[in-house]
Amino acid sequence: MTLPQIFFAYFAITITGLSLLVVTRRNPVHGVLWMLVLFIHVAVLYLFLNADFLAAVQIIVYAGAVLVLFLIVIMLLDIRKEESERRFNWTWPAGLLAFAAFMVFFIAILRDFQVFPGPGQYSIEFIKSQGNMMTVGKVLYGQYLLPFEIASLILLVAIIGAVVLVKKRAE
Amino acid sequence: MVPLSWYIMLSAVVFSIGVLGFVTRRNLIIVFLSIELMLNSVNISLAAFSHYLQSMTGQILVFLVIAVAAAEAAIGLAILIAFYKNKPTIMADEISFMKG
Amino acid sequence: MFNALNIRLIAPELMLALTALFLLLLDLMVRRKDIVAFAGIVGLIASVFVNYRLSAMGMSGSTLQGMFIFDGYSNFFKMIFYINLFFTILISLKYMVIEDASLGEYYALLFFATTGMMLMAGATDLIVLYLGLELMALSTYVLVGMLRRQVRSNEAAVKYFFLGAFSSAFLLYGISLVYGLTGSTNLVEIASKLHSLNLINSPITMLALIFFIVAFGFKVALAPFHMWAPDVYEGAPTSVTAFLSVGPKAAGFAVMGRVFFEAFGGLQVQWSSILMPLSVLTIAVGSIIALSQTNIKRMLAYSSIAHAGYALIGIIVGTPEGLTSTMNYLMIYTFMNMGAFAVVIALKRKGFSGENLEDYAGLAKQHPAAAALMLVFMFSLTGIPPTAGFIGKFYVFMEAIYAGYLYLVIIAVIFSAVSAFFYLRVVKFMYMNEPETEVVLSMSKPLGISLAVTAVLVLIIGVYPEPLLNFVRASLW
Amino acid sequence: MLKYTLIPLLPLIAFIINILFGRKYIRDKAHWVSVPAVLGSFVLAVSAFLDVKAGDVINHNIYNWIVSGDFSVSIGFLIDPLSAVMLIVVTSISSLIFIYSIGYMKGDGGYYRFFAYLSLFVFSMLVLVMANNFLLLYFGWEAVGLCSYFLIGFWFHKRSAADAGKKAFIVNRFGDFGFGLGIILIFLTFGNLEYHQVFGEAGSIIGQSINIFGYNVDTITLICLLLFSGAVGKSAQIPLHVWLPDAMEGPTPVSALIHAATMVTAGVFMVARCNPLFSMSEVAMNTVAVVGGVTAIFAATIALVQNDIKRVIAYSTVSQLGYMFLALGVGAFSAGIFHLYTHAYFKALLFLASGSVIHALHDEQDMRNMGGLKKYMPTTYKVFIIATLSITGIPFLSGFFSKDEILWRAFQHGDLGKFLWFLGTVAALLTAFYSWRLIYMTFHGKFRGTPEQEKHLHESPPVITVPLWCLAFGAVFAGYVGIPPLFMEHGDVIGEFLAPVLGHAQGHGTHAEEYFVMGISVFVAVAGLIIAYIMYMKKKDLPQKLATAFQPVYKLLLNKYYIDELYSKTIINPALKFSDKIVSGLFDGLIIEGIVNGVPTLIGSFSQRFRKIQTGVSSTYGLFMVFGALIIIGMVIFW
Amino acid sequence: MENTLNQLNYPILSLIVFTPLLGALLLIFLKGRGAIRWTSLLVTIGALILSFPIYSAFDKTTYHMQFQERYEWIPSWGINYFIGIDGISILFIFLTLLLSILAVLVSWKSVETKVKEFHVAILVMETAMLGVFVSLDFFLFYVFWEAMLVPMFILIGVWGGSRRVYAAIKFFLYTFVGSVLMLVGIVVLYFSGNETLDIIALSNIQYPLKLQLWLFMAFFAAFAVKVPMFPFHTWLPDAHTEAPTAGSVILAGVLIKMGAYGFLRFSIPMFPDAAGIFVFPIMVLSVIAIIYGALICFAQKDIKRLIAYSSVSHMGFVTLGIFALNTQGVEGGILQMLNHGIITGALFLMIGIIYERTHSRMISDYGGFASFVPWFAGFFIIFTFASIGLPGTNGFIGEFLIILGAFSSSKVFGVLSATGIILGAGYMLWLYQKVFFEKNDTDRTVPDLNPREFLLLLPLVILVFWIGFYPETFLSFMHVSVDHLIEKAGTGTNAENMLTEYISGMFGGSL
């Protein structure tokens, strides 16, 4: 195993373990915290994959914003009393079975996933020469302008939605 | 060099764990986290593809997914709060007044 | 570079989005929400006009770096979305007041959702498709939970949200796999890459395809991905239910048609054979479970599930004609379903849900006109000529038989007979039972207009479908 | 042509007028419509008869009735010697009975109805007689059945009357079932239904056979047997005789006209009409003869012990009809018709006379409650005696000539003929016995009815007695048109007259034999009289003793051989039970309805069961989605 | 085609067909029961009067469709608005028009609730029924065919008896299942026949045997249910019994004729080979229906139900005649349909009339009625005997021709079917006796027929005797068409003989 592979192995194992922790913790606060750790690991993986911008976004948006939102909501809901209750649905064996089946299928199908098309223009060298941020920006505002705009609409909807749903109304 | 399939396998595993969490957990906050897990797994594979294909599309998509995930989080949590105000529970199997 | 930035072709969507924004602003300025709604209708008509002008000018083609296309196919679906939006606004006006949830944002969200659907219909890139879908989805999540003081509405929103997010994770996974295989998210490019790289028979392609089916199946409510539908339809505000039962479904079919035919055209045999059992299952589940429903919204939910199954037959056929028949079906379904929900809404008044079948008892005696209209819609949903529902089914069955799916059609027609039972039950309650309580209709002009228009169209299309057929056909080639 | 068309049309018009306006306007003046009509028919019939006598044969199609492909049948009349004779019989007797009814039915609530039905009957009977093709014959055949149904059930409030009418119709339907099929077979064989065509080609199909259920049956035999089955029903032969005694529930004029003189003889007429067919099939002829012979004696035995005055006469009718068939069966067609003709008079007389008795006793029909009526009703008594003498075959009354001819013809007809002759002779003995028994029980001895009845005993008015005398005249002298050659060369006028249609009877026998046969029959007639005299006048306890001594036989006869019971036990009740329990209850109610209602119920229960899957828990929904995806993946990729 | 396309220079058939529909539209805007009743009566009578020209202008010498009208309707699918009639359908037009008038008349007093809806339903029904008989395009045919269900469903379910909802739903679902299968057949036919649904064009195509078999079965599903043939008959007693009088009359008079009409118009001429093969089973089912329907009548306690089951028996005759596939059988079958419409329609009318007075359909509640309602009894006996098939009435002509036809095509079936005549006499006379005879309670007062009811029944009585004595008026319309049909049926190859021989071999080769 080469060094990168060892690195990857560490991250893979950690991410997997963290995922399992997230879905098994009784206390959602713990879950969110483990998730935070996981996000950071994923961000490192992005760095590993030459996606600096993504790593930054991952930390800022995901870890910084989304998870904080989660924590706030957990606090807001004050769900301590539920900590003593069952963690899983009665159907959990079926879920486990589904999980196992998914694993089997995925391993069987995706085991030797290869890249078929020839390499595109955004080689490591190209990105390095331009800078990751610059590259992403150019593509985003050029080719992917429309998606970007739509994303803005989505965020707007999210704002309106949140307001509509929880805002105190003047009755 | 790390083979692409490793990333894909990692992504698959995390995705599956997300599914597992979604279908087994009662607490909707955790269920929500499971969904985020699934999104992250997709992001991992997208970033990996992007890297190996030397294409920028994957990265853009990851960026957009994160944006959408944030939006989803906002709305999803708002919905949860709205529900909680009426019925103080966030357990999946207790939110089942409508069935049949 | 800016040549490719032909913004005109996306003008209708822009119009709608801008209208939505304008409505948000307007909402702050005026107290009366019907003014907001009216402004919305103006914006809607403007968008329709723009759309019409564009297509009349013979404009078509892709724009924005091949992200989006303006063609007959998307125009047809946009038509459905416009109609859906239009009628939803009309039937919402009084209803939302009754429900005490008359908000300007409501209309804005309807517009955002419709924008999302239109983007889906015109998307030629999986990224746009995904974002359009999310735009639609997020808006509808909020719309479903609009009645935030009602547990039912909250619960529906919770379920819809979680399952929706779950399904879009599948979609994303599928997109990522396709991207990984072909290096592209553009539908045309995907198709050519799948072909040139000889990936047609790759299991990974199949996996991606299946994930697409899961996600689209969720949107159009195909069994076994349909289970959110009854709960959500029941819990959501009725106007939103009407909106949901048509818009996202049609949008789902739109992307299904686009993606399957364009990107996975080479795998037609595969997806047909996957969809076929799903269609049978969907029709069966929808028809059978609907039999034991007592809540009309829930019953219509199952009915819409069954109808998704019928519409799917056209896709299964896998030919452009088949797709045409599905489009035709959806258009017709829009009218009859909207009409049916309009009647349901008419029954709702303060302190009276009007959702139970018993509430329809003796309706024909108290409100013969409403009962007669409901009768038309019910028989149209059953597929009895000379209503539009029959034309829709006939076309779908015709194409299916032409393509050799005789047994599928036989199963479908038998289940349509089963489904007749629960539609008849509504008629039975209206005409053959004595009224138990006095029902006062909360009629309003807009509601009346939408009822009249849908009923007349259902009958006209049933008797003279030629213009619609020509329109459908013209939109595909 | 109008003249001939009017013969049946006059009564029809009378019917229409009476039925439409009778209830409101005509009421008790109904006879003013019907009697002139039937008298008119009679006059026209006589005129037609004279035309035929002068040598005309009228065969006229009025219009095409049914045309379908190569099937074509007309409404049209054939008046030849046979139908001319029948016309005379029918119209004359009808006229008399119509007049009689004026008195008999006086004051009945359904007076107009009665005359309407009677008129309709006459119309139908005339159509039957005058038809020139089988289908029109069938029309008349069914129409007289219809009238019979109406008239038997005339007093419909009486359950027995309603039952009897229905029974008559349905039993006849059994016969008509065969008759109809016979007609169809005739059409399929000859391609035509007109008498002339069919009879003309009859010779050409000898030897043809039809495959029925795997057996080859001679076509002509089959046709004849099927036709004969109609005759069996209509003329109340074994085994379809059961309706006729019950038919006595109807008013007496009806019994006289329909169930004695005319309608029941339609079978005889039909067989005679089809003589060209029948004479080609030995099997059919023998069947006819045997059925006739057996019926003659069978009915006579039942008549021996019956106590209802009309039933005795009814069984006597059955028996006499048997005689006629016997005659036909042995090839003596004209003898059969001759007997039909004489029988019409004396049997109508018997009925009308008994009607007079019944009328006098206010609807009492049981002979055990009669007796000694001689002194109250001398006229009736006299005509009764005349009729009885005639029917028993006392020489030189009309019954003698016709009966004797039949017996003589039978005697000539080979071994089977001898046997039939024997049957006929025995039947004659029995006839004599029960006829006289009837007279003795009714008119002699002491009155056994209630004093109330006795107070009102009276002779009937002239409107009743005049027709009786007219018929009595017929009963005495009608036979003189058929004097056997033995007594007078060319005495058999009617035989000669009918010969063009029915052919000359062949047969050879010596004069000695003929005298022997005649002697025997006269002897049995007298013997019957004497036995009856002894039993009912001298030793009045003898019948009782005999009844006790031969209890089983007596019971058997009294209960008409239990035929009705047999039918109801073996056919009617099982059929009703079958239809109620098996067909309606089990098959329709349980199996078919079960399936029809079961499928929706099943789907409904599916629905109830499947909706439980929809638990309302989003995790479950997710699980279903996941499994859906997994199954598809498993099926598509790993299969 | 020749120039007999339309002898009259105006669209006579469309006029007849859509007059009732226009009337129905008019009714929607009317107020007041009297106005509604009179309007619908005038509309139905008007439609009948409008139809008079077709009887006189009808060319009896050609089997071609007459009074044709053809307009493009849905060119995308090659579907035309194509109507026309021949000798087979013309009588049904007449029957439909006549019975619709009577249906309106008989409901004059008995329908008191939702009068407007009732008459709208009747008129819509009339248009749909007429449409079925004139359609020469399958799509059009199917539209009318199904459209009938809706008003009928409403008629039964709203104005019916105590179990009306059950009966209505049963009726609807039953017939709907049958007709959706036909729909599949129609579509298959569409593609086997050069993408057209023109019935005439489709009739001229020789289809492969296997396809014929399948199509025949698909159509059979619809027609057999409608007729109804044993064992698909159970909707009929319920529907007939529970329907209001007008509904029963239309059901019995016209609706169930459509199945047999379908056989004549489609099954036999289009799939002659398959028809040849199915002759045997269908004749068996027909004979079973004749006997079975008759036997069940004996077990009935409800007058309407008895008449309903008798319809099963009579329709058995009709199908038997039709599938005898010879001139007499088919003509008898068609005539018998007309007859049955008249007779059973009349019987249902009469039951409705008496029900208005007694409010009972139970046989046991009657008895001795001949004395207080003599006119009623008189009319009833006419129809009773017509139903029994007494010569001189229309029933005889039809049944005789059918038995003749059946007998000449298969002796066994001819003989068995003739037993139906005995049984028919049995149950009808039993019914008559129980209702009109026997009891004599003089204190009961039931009014006799009033002039309206008298007028109602009079045309039917006239028809009973008219057809009974001069059927040629009616038969003459169909001669040429029927001969053409027989000829067509005869064009089937003899491939089916193998099958028939095989089957008859199992019965000892004697059929």
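Letters A, B, C, D and E mark the chains in the order given here, with residues in each chain numbered from 1 onward.
We take it that contacts are C-beta pairs under 8 Å (C-beta built on N, C-alpha and C of every residue); 3 or more make two chains touch, one makes a residue touch a chain.
Not measured: the values here are computed from a predicted model.
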| item | value |
| --- | --- |
| For chain A and chain E, chains touching each | C, D |
| B-D or A-D - the one linked by more C-beta pairs in contact | B-D |
| Core chain by centroid distance, with centroids computed from Cα atoms only | E |
| Centre distance in Å when chain C and chain E are each reduced to the mean of their C-alpha atoms | 43 |
| Averaged-CA centre spacing for the pair chain E and chain B, given as whole angstrom | 65 |
| Rounded Å distance between chain A and chain B, as computed from the means of their C-alpha atoms | 7 |
| Separation of chain B from chain C, taking each centre as the mean of its C-alpha atoms, in whole Å | 26 |
| Set of chain D residues in contact with two or more other chains | 600, 611, 614, 616-620, 622-623, 626-627, 633, 637 |
| Sites on chain A at which at least two other chains make contact | 89, 91, 94-95, 98, 102, 105, 108-110, 113, 115, 117, 120, 144, 147, 151, 154, 157-158, 161, 165-166 |
| Residues of chain C touching at least two other chains | 127, 131, 134, 138, 141-142, 145, 148, 157-159, 162, 166, 180, 183-184, 203, 207, 230-231, 292-293, 421 |
| Which chain pairs touch, all of them | A-B, A-C, A-D, B-C, B-D, C-D, C-E, D-E |
| Residue ranges of chain C in contact with chain B within the complex | 127, 130-131, 134, 138, 141-142, 145, 148-152, 154-159, 161-162, 165-166, 169, 172-173, 175-177, 179-180, 183-185, 230-231, 234-235, 292-293, 298 |
| Contact set on chain C toward chain E in their complex | 364-365, 368, 375, 379, 384-386, 390, 394, 397-398, 401-402, 406, 409-410, 413-414, 416-417, 420-421, 424, 427-428, 431-432, 464-466, 469-470, 473 |
| Contacting residues of chain A [partner chain D, same complex] | 89, 91, 94-95, 98, 101-102, 105, 108-109 |
| Interface residues, chain D side, partner chain A - complex | 617, 619-620, 623, 626-627, 630, 633-634, 637-638 |
| Residues of chain C touching chain D in the complex | 158-159, 162-163, 166-167, 170, 203, 206-207, 210-211, 213-214, 217-218, 223-225, 227-228, 230-231, 270, 273-274, 285, 288-293, 418, 421 |
